[in-house]
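Next come two complexes built around chain A: one with chain B, the other with chain C.
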Partner chain A sequence: MSRYFYYLVVVEFVGSILSVIPSFLFESSKKGTIMSMLLALLAGVAFIYWITKFFNHYPGRGLPELLQQHIPKWMAFPILFLFSLAWFIFGLKTLLNYSFLLKRFLLPHLQINWIIALLLLFITYSFFMKTKKLLYTLEIVLFINIPLMIYIIGILYVNTGLDWDYVKKSMMYVYHAPNLLAFSASFLIFIGASNLIIVNREFKNKQKLTTFQILLLCVLGAWILFTNYFIPIGYNGFERIQYINFPWILGTDSLKVALAFLERIMFVFLFLHISVTFVNIIIFWHVSLELLKSTAKLVRRKQKESNMITYIFVLVVWSISLIISMKITESSYLMYARSLFVAFPPFFLLVLIVCWFISWRDKHDNRSLKTN
Partner chain B sequence: MITAALKQTRWISLLLILSLLVPIAAGCGTKDIDKRMFVIGVGVDKSDNEEKPYKVSLKVPVPMNKKSSGTSPGFIFLTEEAATISEALHLLKTHVDKNLEYGHAKFIVIGESILNEDLRVVMDIFLRRREFQQTAWTTVGKPSAESVLKAKPASDIPDINILFNRFSGIGTESSYIVSVFLFDFRRQLVERGIDPVLPIIETNEEKDKIIVNKAMIVNDNFKGKLELTTEQVGDYNMITNSMGSVKFELGVKAEDYNFTVYIDKVKSKYKIITNNNKPVVKMNLELTGVVEESTKRLVQHKTEEYSRLAGAVVKKRLEKFLTHLQKNEVDPIGFGLRYEATRLHTEHIEDEWNKLYPELSFDVTVHVKITSLGSIE
Partner chain C sequence: MVNINNIIIEIRTDGRLIYEEKEDDSMLQATQTLEWLIQQLGHTTDMVNKPLKSNQKEATLVFIKTLVDSDKIQQMIIKPFFEIETRGNFIDYLHSLPDGQEITSQEQMLSELSKGSIVVSMNNYLFMFDIKKVHTNTVPITSLENTVLGPQSSMSEDIHTNINLIRNRYHQPTLTVEMLELGSKSIQSLAVIYDRELVDQTALEQIKYRLEQLNSKPLIQSTAELQRLINGRKVSLFPFFMITERTDRIVYNLSVGKIVLSLDGDPSTIVAPAIFTDFMAAMDDKYHSKLYTKFVQILRYVGLFITLLLPGFYVAATSYNPEILHTELALSVAGSRVGVPYPSYVEVTFMLIIMELLIEASIRLPKTISAAATTVGGLILGTAITEAALASNIMIIVVSAVAISNFAIPIGELNSAIRVLKYVFILFATIAGLAGLTFGLLAIVMYLTNSESYGEPYLKINIDLKSKGEQQ
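Then we have the complex of A and B:
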């Protein structure tokens, strides 16, 4: 596969660490999180495998083009619109989570809507970027951040503050039946590949996902899930970890390092994470915008190039984000996120079904062409 | 030409966006460093007042001009009584003309008087508020937290690191000091199967001395507390190995010999075995050291015998220490945690362990390796 494909997957892996995903995992830490994580690992890797296999079949074409070709308009329209909405929500949830973190730990005196406005200023700029340029941005950001993040996670693993007894204790709860929320939360780590529905337009060469690459993704995913769940337990103990709102922040704050003038590495980690999440949001909303543009193309007769849709999208993004930021609190965000998370795995099943339907129609069309 | 023009407009638009940020940045209300005061130690005591049970003291360094004030650094001490710790902290803001910052609070000293209360309630604010470092050293102050913070030992270098050097291992290196970070204390406090240990900082009436060589075990279930003597702290450090490499002097007194071994490396591991009739903790220690002092001439070919003698001393000491903990129903080493960490979870595992612990016997095996007899025989 192209290296940009890995960036898409990895940015989601890394972004998961400081999101709400670990909190949801700890919520059921005594009721079968480990089983759910194992299941989610299988489901996630299977998802990546199927969706890349589908898109490798059609190099250089995104989902909108394929839908247009193989599916009647009245069906393609709602599908594209729904997908666009879903990707918008992914971006929104990431943005909210990220501004809560910023408010809580870096900018405690700034209003949350100001923080969001500040971020949106930069995100808006990205709406006018081409997909290709976006991938370049992604590459640069990951190149700068990932080595340092791996370094910090490495210190977390070898530091004497990490007590493996707590980790082992949490592993002793392995035999409980899986839990839906924990499954959904850990499945969400693997959705990065689904951005292919738009990004595949840039993958014009024939791609192939080999067994080795699948294994690599599998190992990487397992490691990220393991780190996500067990490292905070090793630092914060197991008994009451579900009552900690930001287990990873407390975990990284438990490190005392002697790195130049730095002692409290938590803030560095936060900054690194923030830049990774930032590109994550940009990608989600870029996909959402592109899907919206394609939806508009379906309806409009004239194939005239115009930025109208982008401007509308900017307006929608700004107004919705700002309105929500004024209404929402940390606890209500968690509540909404919980119900949203449970809805995500069925949604991605729908994505797969649409893909399958297209390939079925494609084969069918080919066959009928031959018989004619 | 067209692309160049496009690029130009891009840059202009970017500059416009950046210029929009300027007024926002001004709105942050940044406080300059001269408007802030950095608290380095927070002490919590119990007051005599029923309505205002918490007595909070802060130690704040004041940067001073060297010419005018000589060599000693200035500290101010703020003390206030209130119903809650946060209220006290809030009231203390009115005692100074600058903003109090807790991001550099390196010490949290709990007064001896407050240990009888539920420490989860007392420590709540330090975990909940984002400013406090999770790597602050948590200690017990004797006779009170306030007196410990106010102590000005003559022997210490006159700077901010008065207490810092002792716990970080940068200055003092001793196996008689337990250093406990706040996060470690918290997890031991809430976890069952392990009881938290806190170092005790002692000071005398004149407040010119600070001694740290004892520790306190706080039992979570209100069953009281247990003070560890200096030697027991050494034993504790040897088993838990929390210092990374524990270094200490081991005095060996046998019939014919009387010598001291300087141990500079300790490896310890233990296992809880319950399949036999009698539950037993099998503990294995490997110590490496050199002879430092002896009343008699020691010979090379008898090194193994000396090692054996030293091993017997450690074994006796540790078994005594472990039984002492068992008798007092405390478990600072975390045997209970290890028990739960090696057995599949069941609903009764806690009761099982509570029944098991008093019956446990300890089997300690110690291997001392004396690498050298020193410069002279």
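Then we have the complex of A and C:
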């Protein structure tokens, strides 16, 4: 696969650490989180496998083009619109969690809506970027961040503050029936590949996902899930960890590297996450915007090039984010996120079904062409 | 209007008949043309109209004295005129001269005369030779891009000398030089130089198209002005062309398929397309040992980040997030700021502006006075300002570090872009502390990756993975 594909997957892996995913995992830590994580690992890797296999069939074409070709317009329109909405919500949930985090740890004196406005100022620029350029940005950000990230996680593993007894204790809860929320939360770290529905337009060469690459993603995913769940337990203890809002930050804050430029590793960690999550939001909203543009193309006959849709999208993003930021609090956010997260796995099942339907229609069309 | 083409064609086609008298009307044309030229140039006093006469031969020379090389006229035309016996032999001799120019119209003759050509009229024949005298063809030592190893001479201000310098380093038959003319008043020659086989055709077409759009400009006097006019952006901070005075850099760029524009009268040339990493490379990166080069390159990037981020970081760390520093450092920063009446962003901006003024002064002032300016400036940026409690000690270190590391960036245009950009980072840091700094950095990365220089992405990590399907 193109190296940009891995970036899409990895940015989601890394971004998951400071999202709400660990909190949701700890909520059911005595009710089958480990089992759900194992299931989610299988489901996630299978999802990556299927969706890349589908798109590798159609190099250089995104989902909108394929829908246009194989599916009647009245069906394609709601599908594209729904997908666009879904990707918008992915971006929004990440943005909200991100600004709560910023407020708590870096900008305590700014109000949440100012923080969101500040973020949107920078994010808006990305709406006018092309997919390819966005991938270059992603590459540079990851290029700077991943080595530091690996260093920090490495330190976290070898530090004496990590109490493996807690980890062992939490592992005793393995024989429990899986929990839906924990499954959804851990499944969510594998959705990076689904950005292919737009990004595949840039992969014009024939791509191939080899067994080795699947295994690599599988090992990497397992490692990230393991780190995500067990490292905070090792640092914060097992019993009452579900009551901590940002378990990872508290975990990393117990680290001090006296010889480093910044003594408290937590801040390095925060800055890494600020940038990774930032590109994460940008990509989600870029996909959403591109889907919306294709939806508009379906309706309009004239193929006129205009930035109209982008301006509308900017307006929608600003107003919705600011309105929500004024209404929402951290606890209500967690409540909404909980119900949203449960809806995500069925949604990605729908994505796969749409893909499957397209390839079925494609084969069908080919067969009828041959018989004619 | 006299049709000059007639005469030329006759000169070229009938080699045998050339010595015989021509029909009346072409004779009339040649004389008329000469008269027209003399009339057009008659108002200037340095125009010379010199008739020559020796036993059977007669000739007239027309030229502008201040532009041509009179020794060359003497050697090339006047001396042979009296030595060669017959008229026919002298015309043959004139035909054989390598400096001969093709005549296409009266206007062309006039414009060539004004650039330093001489017109020789012999009976009914007109000849034109390029014998301009150039005073700007000395090749100085490099002054902007100094290197320790490698070639030391830069370019001259004469375009032909420059093309000669380039050709002498790049011996390829595919090297193409296209001459254009720029500026409706100054009519400056511009050479578009590229390797025909390697050049990126779309970039070449775009550059030529942009150059054609420039017809209305009366004066274009320097390559820097030219690059500003053809870069196609109303407002631009980052350079999208490389301006260089080094022949080795030019030749290296030609060999990788880039396009070089050289304007007559300017020692620096434009190289396009140019991307971000080009501006971070010095030419002696190729000459030193590999490990040393890597070390210097890393040093440059460190310098880039220091000069860009350190002032903003100071603001953020003193006023916003002191908790991120080591406790001792945070305390000593706070301690050295005791007595400073301003918030940190005022302190930083104030000190940086004094530093910028100092740099400006040392660029603009004559060399004899600039020493005084630096001494006075040194006093301000030294201990005096801390004793007066207008800035902290650490601030002085920050300003000096910023000033020095700015010059680690080897190419001047990127250098000045970064010089401006650090104030943007101070603004971000003032609004949102370290988070603002991070967002600013992300925004710059987005802006740079989104930019293009003639179809080439401006900032991109290039990884050459040989395996199939990896590169897209």
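Methods note: the second predicted complex is superposed on the first by the 370 of 372 C-alpha atoms of A that agree within 3 Å, B and C clash if a C-alpha of one lies under 4 Å from a C-alpha of the other, contacts with A are read in each partner's own complex, and residues count from 1 in each chain.
In this section, a contact is a pair of C-beta atoms (placed from the backbone, for glycine too) under 8 Å apart; a residue touches a chain by one contact, two chains touch by 3 or more.
Predicted, not measured: the structure shown is a model, and the values here were computed from it.
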Chain B versus chain C as contact partner of A:Asp253, first or second or both or neither: first
First (chain B), second (chain C), both or neither touched by A:Arg264: both
First (chain B), second (chain C), both or neither touched by A:Lys204: second
Partner chain(s) touched by A:Tyr235 [first = chain B, second = chain C, both, neither]: first
Which superposed partner A:Leu118 touches (first chain B, second chain C, both, neither): both
Touching partner for A:Leu107 - first (chain B), second (chain C), both, neither: both
First (chain B), second (chain C), both or neither touched by A:Val141: second
Contacts of A:Tyr173 with chain B and chain C, given as first, second, both or neither: first
Residues of chain A contacting chain B in one complex and chain C in the other: 107, 110, 118, 122, 125, 263-264
Complex interface listing, chain A residues touching chain C: 1-4, 102, 106-107, 110, 118-119, 122, 125-126, 128-130, 132-134, 136-137, 139-141, 143, 202-208, 262-264, 267, 271, 274-275, 278-279, 282
Complex contact set, residues of chain B against chain A: 13-14, 17, 20-21, 24, 27-29, 103, 127, 130, 133-135, 181, 183-184, 186-188, 190-192, 242, 244, 334, 337-338, 340-345
Footprint of chain A on chain C - complex, ascending: 321, 323-327, 431-436, 438-439, 441-443, 445-447, 449-450, 457, 459-461, 463, 465, 469-472
In the complex with chain B, residue positions of chain A that touch it: 104-105, 107-110, 114, 117-118, 121-122, 125, 160-161, 163, 165-166, 168-169, 171-175, 235-240, 250, 253-256, 263-264
